[in-house]
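A, B, C and D are the chain letters, set down in written order, and residue numbers restart from 1 in every chain.
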Amino acid sequence: MSESLTTGRGEAHFPARKIDVAVLGATGSVGQQFVALLANHPWFCLASVMASERSAGALYGELPWRMPAPLPNEIGRLRVEPAKPGVGPQLVFSAPDSTVAGEVEAEFAVAGHVVVSNARNHRLDPLTPLLIPEVNADHLRLLPLQREKKNRKGAIVTNPNCATIGLAMALGALREFYPKRVVVTTLQALSGAGYPGVASLDATANVIPFIDGEEAKMESETKKILGKYSGNGIEPDTVTISATATRVPVLHGHTESVSVELDEKAEATDILAAFRNFSGRPRELLLPSAPARPIVYLDQQDRPQPRIDSDWDRGMAVTVGRLRRCSVLGHKFVLLSHNLIRGAAGAAILNAELMLAEGFLN
Amino acid sequence: MSESLTTGRGEAHFPARKIDVAVLGATGSVGQQFVALLANHPWFCLASVMASERSAGALYGELPWRMPAPLPNEIGRLRVEPAKPGVGPQLVFSAPDSTVAGEVEAEFAVAGHVVVSNARNHRLDPLTPLLIPEVNADHLRLLPLQREKKNRKGAIVTNPNCATIGLAMALGALREFYPKRVVVTTLQALSGAGYPGVASLDATANVIPFIDGEEAKMESETKKILGKYSGNGIEPDTVTISATATRVPVLHGHTESVSVELDEKAEATDILAAFRNFSGRPRELLLPSAPARPIVYLDQQDRPQPRIDSDWDRGMAVTVGRLRRCSVLGHKFVLLSHNLIRGAAGAAILNAELMLAEGFLN
Amino acid sequence: MSESLTTGRGEAHFPARKIDVAVLGATGSVGQQFVALLANHPWFCLASVMASERSAGALYGELPWRMPAPLPNEIGRLRVEPAKPGVGPQLVFSAPDSTVAGEVEAEFAVAGHVVVSNARNHRLDPLTPLLIPEVNADHLRLLPLQREKKNRKGAIVTNPNCATIGLAMALGALREFYPKRVVVTTLQALSGAGYPGVASLDATANVIPFIDGEEAKMESETKKILGKYSGNGIEPDTVTISATATRVPVLHGHTESVSVELDEKAEATDILAAFRNFSGRPRELLLPSAPARPIVYLDQQDRPQPRIDSDWDRGMAVTVGRLRRCSVLGHKFVLLSHNLIRGAAGAAILNAELMLAEGFLN
Amino acid sequence: MSESLTTGRGEAHFPARKIDVAVLGATGSVGQQFVALLANHPWFCLASVMASERSAGALYGELPWRMPAPLPNEIGRLRVEPAKPGVGPQLVFSAPDSTVAGEVEAEFAVAGHVVVSNARNHRLDPLTPLLIPEVNADHLRLLPLQREKKNRKGAIVTNPNCATIGLAMALGALREFYPKRVVVTTLQALSGAGYPGVASLDATANVIPFIDGEEAKMESETKKILGKYSGNGIEPDTVTISATATRVPVLHGHTESVSVELDEKAEATDILAAFRNFSGRPRELLLPSAPARPIVYLDQQDRPQPRIDSDWDRGMAVTVGRLRRCSVLGHKFVLLSHNLIRGAAGAAILNAELMLAEGFLN
């Protein structure tokens, strides 16, 4: 395993047959996105949907379904189960409400499940990988330590907050230029607040310049993601990030206006090349959810736009545009990522694919 | 006149009776806003509406009217005239298309009119005041020089771009702390693009992260506004500004996320006090359009919001909120200003009121 | 009293001094609209705000306020009280959740309060006036019967559903033509669903072609409103109404597309005159909330539009446009009414004003 | 040919290899939708894009592209040509501006092209089929007559207006119940007005209750579509239709609220069965753009909704819901169709497929 991580050569462990998986918190917005993405997944078979007591017992197909594509019949026939550690598939995608996620995910991990979580509760835990496969695949090395120190057979792996991931991927692509200071303002989509989420009376023709906890998450999560694995933990990166998070009346796709201070030698052409050549483990390992290019740079001067650019590469690519000189920090650009796919369910599924291919699910 | 500017003591010249004024470009978005604000103005009487040849000859009341309040009957009965320098009121509010504004405004000034313009064409001209009465009322001293050097009996005075004004007022309020560097991202309303402006197919549930020319305007205009009058011109301020301008699906009110580097001694409480105590010439002179407080600081953590806060003090106040520490530049906050009122027609009217009260319209 | 109703001559009972009133359910959308409209009311003084146990005890000014105009300070200082029949002002404006309104309003009436209610619970009660002062002011004659048969000292008076009222007023204006059959489709604003109401993820760039219970309300309420007082009750009108109710992404203002079959002799010019001449008791009695014209007919071919026409006459006028031939039923037109004002709080306040002026509050 | 039409048995003429086609008016909204749908079409190969002189000469890929999926490279390399009859492919899909469409399409037809048009100009011409393949495939029999009487080698075939088609398909499905009278109110999407179309300042959070000419089109077109081919023309159906057309802030998908009077024997269950069993020539002939079911009935009480239901069967199915009793006309329901696909480009392409399969392109 460590070989494959360091050499970048894939002794990838493709599954001989599909692996059963469960979704925990399957009725929420991210939970439904998990279900939609797992339908017809080449490696995973959705065998169990779990939710709170309130929904347990119902057929999944009887509950309101808010995704654009219709719910596949075979999934509609699954009966919603209460969250019960130790039962069902080993691999659990988790998107419960954060008020309960912390405890329940820990219980699943103790009971031997591998929990691939979108919840925020364990993201900053020193022994839990906060994973973006293109950026810090080697953070999976925390897992033996996590199992030992936390005395659990299973494990927890997390993905970043939906507003963090676009920024962390862009900075990951620019790592060779040592990002030092970042000022970022987000224009986040309504679906980032879940369902029912933002009231239409607040959202319509308006901007809400505040999202509770979001700015702190973007700052601390990015430092951890870009941090170095050191044998007994992750040393956070020294980059300084100042974020302002706003909500705008957009359905899907978080837009971010980013100013960044890089190593002085970085020229615009270098940065552009770094965005365009950015790749990483997912493509090496041919993971099924890996985008062809993790970052797609758009040349048009008025792009990316959330309504037309959120779905690049099935929502797994981050789009970037408007790279130009920042008179204060050196460089600035605009980025966009699909908050429910690359920023949530798709991120977790890519994490699980990486774990499988790298041998962490044995 | 120069006395009143330096002493701040008002030998203010209130008009004994209403002064006739004209609106040039009266059929556009800003033109209609001029007309709406001039109806019932205590000092000015709208006596003439001018527009392009296309509309000339029609009754103003026959043309489409897009303001919320109904058009007053007496204004509806005005016949739209073609722009003709030397005819009609001396005081002309000007909001024509910028493709023609430059030349036509100069012709009016040569013919003896005082042109109070919202167009961008002359804003950066070294002899033309780019005026915010609360911030740089003394820039009116350029006028004698303008008349002399440009050999015109009349004059041109301009107000800033709709996205510049909120920022320039906030920085004006913080002048004692010597703003050094600013990173700002705007979330601008649709009405900032005029009518018909942005296509609904582009605007709906979307963000357009580009507004042509806007970022450069914000940077250069703000430096001039904060600059010092030096006897033979304005020396631009040394503040460095890096702007990103975006369009969001909001009707009125430009929101801006601002990070600013100030003098090291500036504490949050000082900044808050500076916002709250900010005042200036308009209040001293009791100008009719002067807001009670030019900057209204809102304590709620999710404000200002464009749909509910754009109309503070009849749209003439800039609202500010979310003042907090910026880990990169020191301080950050969110501001909002009504782009058609404080950012356009209301700004020009306040400029004219200042000129009248300071004796520049004799 | 009965004289003034039949003769239409106002021995109107204007209050010598302001009357104290309470608002029940003061924290909801309609409750806040009540508070906003009662601030500075010439006849009523808001003396008490009541809400559910959850909010009781707080200062009203500490709770979230979602109206555009700022909350007056003196109202912000009122302490929210639990709903307690027999305590506080006799006149109670009521807008609680309909799950509790039925019972609590009856208790207030028994305890001697006059409950002017916007809730749906008692609207179809045979002894309770469902009142539109311009249309059926004489239905107030039910009150003595209500008091006697229900053995209550106080009384309950209701106003129609927010989608009913525009239609009922338009049909009221056309009464002389005996409306027989009506097909109506509504395009209703988001604020009609209260707060938080419709999720922004459902509302954005979408139509929801269903509003629970709304179509039946429009059909049965309109028949009662247009019905005749017969000495011992209201005989519903024989008009047949078929309604389809939809929700559209509009903030305020319900639009309705109406086709109507009238007496054969009705010509378009007659109908237009009937709309324009429509008046009724509120103007005769000079009620403070009475619109100058209850129905404003707009000649432009693309009006009324909810964003620009909802506020005619402070939201108390119904606007109508596009009157033209319907090849199926004879005539068709489009109407619009402000759902929170004419369709809710403003309607109830006008009802109370009528009751006061007609001597029903003694 | 007449055999295949009458027997419904497909001696369908599938193309041995792809047929070259042109798009006329290729830069507008519908033109771009044509291009998007023709990319990868199994029968047609887009060989020529034609537009006005203004765009002619440019590479198609250099012009603004507003469709969600990226423009295929091979189409981007086509050079935009001026409209020139007699040159290029015989089969021409046409979506020019209606101010020029009438004349230019006639010239193409005279020059031997088969023009499959989305423009309104020839729709009501007595010799021109106004075609919905599921409803009136036999109207193609007009073509020999058209050629003869108009002395043209080619031909023109049209599809209905985007608001007509949903209604005409629903009524076509109910033909066995002899629809007599229909009252319909539409809630139409912004993209129905083309690009730039409706100004965002008019569309945002608003309803515009007027679309120029739309109501008359719905009434006259539907009668022709449902009419009978009689040997020397089409006898319009006797159904009476009264339409009200409104614009709502939705991107794609026209919603319609429909009340209909049918033969008295029609029960709700019969109508439901008629919707669900509706099929027609396109499925018999296995046309590539034929939806699996032309009408999809949705059981949920709050559907169809334009944002989530417009794309059923690649936008080619009409969705229907809320079938219930209408107290005035007997039955009512809500329908939805994608205005750019089933209501425009997709309709024309299905028409061309039908013509090819039925042997009308030889």
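Operating definition for what follows: contacts are C-beta pairs under 8 Å (C-beta built on N, C-alpha and C of every residue); 3 or more make two chains touch, one makes a residue touch a chain.
Keep in mind it's a predicted model, so treat the numbers as computed, not measured.
Using mean Cα coordinates as chain centres, the one most removed from chain D is B. Of the two interfaces, B-D and B-C, the higher number of touching C-beta pairs belongs to B-D.
Rounded to a whole number, the gap between the C-alpha centres of chain B and chain C is 42 angstrom.
With centres defined as mean CA coordinates, chain D is found 49 Å away from chain B. Multi-chain contact residues of chain D (touching two or more other chains) are listed as 66, 204-205, 249, 251, 308.
Against chain B, in their complex, chain C makes its touches with residues 66, 68, 204-205, 308, 311.
Of all residues in chain B, only 29, 66, 190-191, 195-205, 249, 251 touch chain D in the complex they form.
Those residues of chain C lying in contact with chain D across their complex are 181-183, 185, 187, 204-210, 219, 240-242, 244, 246, 248-251, 255, 257, 259, 301-308, 321-322, 326-329, 332, 334.
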